[in-house]
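We just call them A, B, C and D in the order they show up, numbering each chain from 1.
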Amino acid sequence: MSNTFGNRLRLTTWGESHGAAIGGVIDGFPSGFRIDNAMIDSDLRRRATGNLPSASSRKETDRVEFLSGLTDGMTLGTPIAFMIRNSDCRSGDYEEFKDVFRPSHADYTYQAKYGLRDWRGGGRASARETAVRVVAGAMARQWLMEHGVTVSAFTSRVGKVSMDGSYTDYELDAARLTRFGTLDRDMDDCVEEYLASLRSVGDTVGGTATCVVRGLKAGVGEPLYDKLSARLAYAVMSIPAAKGFDYGVGFDGIDMTGLEQNDAFVWRDGEVHTLTNRSGGIQGGISNGEDICFRVVFKPIPSIAMEQSTVNATGDEVRLQVRGRHDVTVFPRVLPVVEAMAALTVMDLML
Amino acid sequence: MSNTFGNRLRLTTWGESHGAAIGGVIDGFPSGFRIDNAMIDSDLRRRATGNLPSASSRKETDRVEFLSGLTDGMTLGTPIAFMIRNSDCRSGDYEEFKDVFRPSHADYTYQAKYGLRDWRGGGRASARETAVRVVAGAMARQWLMEHGVTVSAFTSRVGKVSMDGSYTDYELDAARLTRFGTLDRDMDDCVEEYLASLRSVGDTVGGTATCVVRGLKAGVGEPLYDKLSARLAYAVMSIPAAKGFDYGVGFDGIDMTGLEQNDAFVWRDGEVHTLTNRSGGIQGGISNGEDICFRVVFKPIPSIAMEQSTVNATGDEVRLQVRGRHDVTVFPRVLPVVEAMAALTVMDLML
Amino acid sequence: MSNTFGNRLRLTTWGESHGAAIGGVIDGFPSGFRIDNAMIDSDLRRRATGNLPSASSRKETDRVEFLSGLTDGMTLGTPIAFMIRNSDCRSGDYEEFKDVFRPSHADYTYQAKYGLRDWRGGGRASARETAVRVVAGAMARQWLMEHGVTVSAFTSRVGKVSMDGSYTDYELDAARLTRFGTLDRDMDDCVEEYLASLRSVGDTVGGTATCVVRGLKAGVGEPLYDKLSARLAYAVMSIPAAKGFDYGVGFDGIDMTGLEQNDAFVWRDGEVHTLTNRSGGIQGGISNGEDICFRVVFKPIPSIAMEQSTVNATGDEVRLQVRGRHDVTVFPRVLPVVEAMAALTVMDLML
Amino acid sequence: MSNTFGNRLRLTTWGESHGAAIGGVIDGFPSGFRIDNAMIDSDLRRRATGNLPSASSRKETDRVEFLSGLTDGMTLGTPIAFMIRNSDCRSGDYEEFKDVFRPSHADYTYQAKYGLRDWRGGGRASARETAVRVVAGAMARQWLMEHGVTVSAFTSRVGKVSMDGSYTDYELDAARLTRFGTLDRDMDDCVEEYLASLRSVGDTVGGTATCVVRGLKAGVGEPLYDKLSARLAYAVMSIPAAKGFDYGVGFDGIDMTGLEQNDAFVWRDGEVHTLTNRSGGIQGGISNGEDICFRVVFKPIPSIAMEQSTVNATGDEVRLQVRGRHDVTVFPRVLPVVEAMAALTVMDLML
């Protein structure tokens, strides 16, 4: 396994979804920095319950417990260890899948690799581990904000429902106010209707998150191999359910010719800028001072409420029906996770 | 800079496009393995001149010179150093761009980051460095073949021209025989016509390469962060001009619901398999025994033959016209590079 | 800071001596291995209270709490997180040294590097953190034992008191039964008397630990830079108070000529062996199948009970008198720490 | 194998002693730094021929050839690749040892680990590879000098001949003028006489090098594991023939009590300093602003001119007589290697 992320800023994470706790250790965070717990709690809440007003949420929010590295809320430069206790652990729900490989889950591959696995709720492969990334990411975003850099993700597509126009037509903060993390209330209404229809039949769907890193100066990224684009791709492709990554015009630009994709340089405010930003703020793997803009595509949540056929560990073909409340899509809960991975990556490359 | 790739198998590369040479050092390659130089030469030729019969090529093929790590063609377990001399170096072509930032090239970002740059032919940012990856990749592919694993890339789309159907309808080896690396001669003819029209106006175009890793057993990949998917994304996003990555149905599956994307497990030949392969052979970041299948999208080559506006280092807006012979698209020359990065990644994770 | 140790087996540690807890995360430990907690507890006890019968000890033994990576005592292959709560935290003892730099402690250098420090009990620089190494080391030693390798450290010298003869004249296990970790009860008595005389005047002393790794096959170690000798040196020099390392005849062999130091090869039991072992089991940085034998020299504990002159953070010269119970020497409590670092290093290189 | 040294400044080396060449790649060296080739050549000469006037030397000096990373002698920030051709390669001298394991050489352990080896002149295990370290080290020393830091090694003991007094009684530069790298001409004469007597009987001897890093500010070193002391130990223990490392009073201070070893803090010139430097400039693994002072002990060169008994790969006991010119001791040729490893370590930790 490889549970450490980053080079100069290193996050090491641990924990199974139904074990005692999940947690992480951050090494390399500069000393003398004051941490704002409210921002961490806010991101944990977004991950746990989405953008719903917390009052209406039945789920209790995760609580982070810091174990080292801070004195009076100030970083010491020593490793910052923290954990989140697992509370709502109904392992019983999973008992019947103990020997069954759920389709498009990691059950079979973990069994094949490790010979045994913690079958309760996905174990280490559960999306629950992303809460740890969110804690570290919120701290990285605080540090970036002090350096003039913001990281904002939003829902740009859910199944058949797409955003109209460019993100530059909207306020990025709007993603925190809409129910599904879109920038546009109309689109959000469409998403709601669409997801309701899928929920009614027990199906699920994926989509794309777009993430914008704003305020990053030219010069961040380490060619050849630690290109900013390569490191961002690596970072977000480690999020459960991520199936693809692109930046700038990316896959949507396949039909555009060189003339159409090239970004002309201009002088603006005494600095070099580009007229357009089809490069997504990255050229030669290094930031060029424009908005860094990338997308991540997520697959549908594989836990559908319909009966599926699969096999078990002893060679029988079996029918499987996943029970319990499951989300219809990863949005908007995945957005703080995308922001966290982007923030950790950018901060690591800036240090 | 970060010029070392991999953990257990490590490739360190060096060289500017117009310096004395480019080269690399491979550390961690197992001892006692016989290297087939013909396969390396063949891949170097594909990268340098495409699939053209070498006779018709005006370009001389790169020649690799091994400096250490081999005795009688057999690996010693010690670092394998090699270099390729730079021959065809007309720096003069670039003299006029010495202080000009070519649009969508890495000129400006290198200058911003390093304060100076080798302006002759792109320097370290030139795609010429990919020849080094190809040498190491060819050696990795040899090792993988001895372990029953093949790595094959092909051109799945060029601008508006797409492949019909699935790659499973074709022979993967066909990509080495067609002019542009497609699997289908008809498609290849369309590409030829399409590129001819672009060349006539001095424009360029991008597209997608698809890569298939076949024969890989279940269990390869290191969650959480070194997921096979994350490592492949990182590997190919470091190739010049790469703008995106996806695997399985990826971006094309956004409209598919969970029911449509889930891959049902079945027993076949005493092993667990999936009926479909929308997961692209990876679940939970670990190979599941099916074909690993991923795509890379490349942008158009930014060196178009049309006049463009840009700025120079001293703050003037200037008009720029790139001269010299330039390709219209990265295909098929990028295919051995994609194969190389995939092979190095998979071998690294297998060791 | 750099709080991760190892490459394939990675231990990440955290915690200040007077914070909530100290702990660690082990990544890369093979799955399906049963952990024996008794061995961990035994090593923790040796570190906390020495070889004294626990009944007579006033100190409560540290208790390790596992948070992830195990199911029914069996490793899952996922990260193993654990922590030890800090209990006996009389920060008050340290309040008066808050702004004072204790001689030959890390107070000044931490302040110089990080700008602030946790002054309570040494913070991150406290030897308390070695308890975390001991937990991980005990697990590594269990794994090594299953692979036929034992790791044993003993006290070979304390100040003026040295061991007679070679370790091969004694049972290595004797070190766990004597009061100061020597192999020889007579030497142990001398040490006791010697330390008593130092304690009576409030002084302290150092000495050497010798560590023997037995049963390691030829072939372990990764030249050029990760030579077994280099990695062992790196490992033990990170232990607080370590001032030097040597292996084989080391510093004691300076007067010996080549003829006297060379180890002649012989065949024994169908294997290549050496007649003598002045090489300490390592040649060219790789184990040669003989006992790996190395020493670590430790300085006296700097917390002496005599008044010393020093300075404080605001520029005044002050007199300092360290209070509280402090050990007279690091022996025998440092022995399980030396074993832990050796075991982690060897297991890392064997994986 | 592990042929890359360093984290932020990374040196990757390659080459067998009797292959085409040896060389290295330096990654992470800051851009815009002017390299002085004379200093590199001077260090290469010291390594190749000792301090002898080059006229009297029969050996031709190694010549370094830069292949990338420089433009007009200025670093580009890109990887700096260089090589040294192997010239004087009389492989014939080694033919008879092809299957014989020379005592206290790495022949047997390489064979055991890799299954085959380049038997000509030691292959990768040959001390010839240290020339590559010297090139990189000379560049690091130049960078350090611009940051006010000097690195100087000298011969402090050869077999029975020791230096009188402390290094602070001498000029460190004197080591470059004496025949054997000592600081004291009288000691040097004794060494000469002593070595002559050993040479006459075909024997060899080891000794200690002492290295002083002067001008390093407080705050360099990364606890817990990358302590400055641990990193220096790791660095020098990778030098062929190194058997031990200590810093400050080290092994020589075993008899000193805490009162005798503690370094009292004082204010001097508005800075915190220590009255004495028994800590060797490192406390808690971090530099404290005093001279960094450490020793390395080297074993005798194992190629003695006397007949020895050993075994060959096929199980026979054989008599072996090493022929050819061999040095009697590693001094003074090892001194620039020690300086190089120290300089690379310190620069890496400063970046």
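Criterion: a residue touches a chain if its C-beta (ideal position, glycine included) is under 8 Å from a C-beta of that chain, and two chains touch if they have at least 3 such contacts.
Protein identities per chain, from UniProt: A, B, C, D = Chorismate synthase.
In this text, all values refer to a predicted model and were calculated from it rather than measured experimentally.
The chain with its Cα centroid farthest from the Cα centroid of subunit C is B. The distance from the centre of subunit A to the centre of subunit C, each centre being the mean of the chain's C-alpha atoms, comes to 40 Å. Averaged C-alpha coordinates give centres for subunit A and subunit B that are 27 Å from one another. Averaged Cα coordinates give subunit A a centre that lies 48 Å from the centre of subunit D. Multi-chain contact residues of subunit C (touching two or more other chains) are listed as 1-4, 13, 113, 124.
Taken pairwise by the contact criterion, the protein chains form one closed cycle in which every chain touches exactly two others.
Touching subunit C in their complex are the following residues of subunit A: 1-4, 10, 12-16, 19-23, 25, 27-28, 31-32, 66-69, 71, 74, 76-81, 83, 113-118, 123-124. Residue ranges of subunit D in contact with subunit C, taken from their complex: 1-5, 13, 101, 103-106, 108-110, 112-113, 124-125, 129, 157, 159-160, 198, 203-208, 218-219, 221-227, 229-231, 233-235, 237-238, 240, 242-251, 253-267, 272, 274, 278-280, 283-289, 297, 299-304, 306, 308-311, 315, 317.
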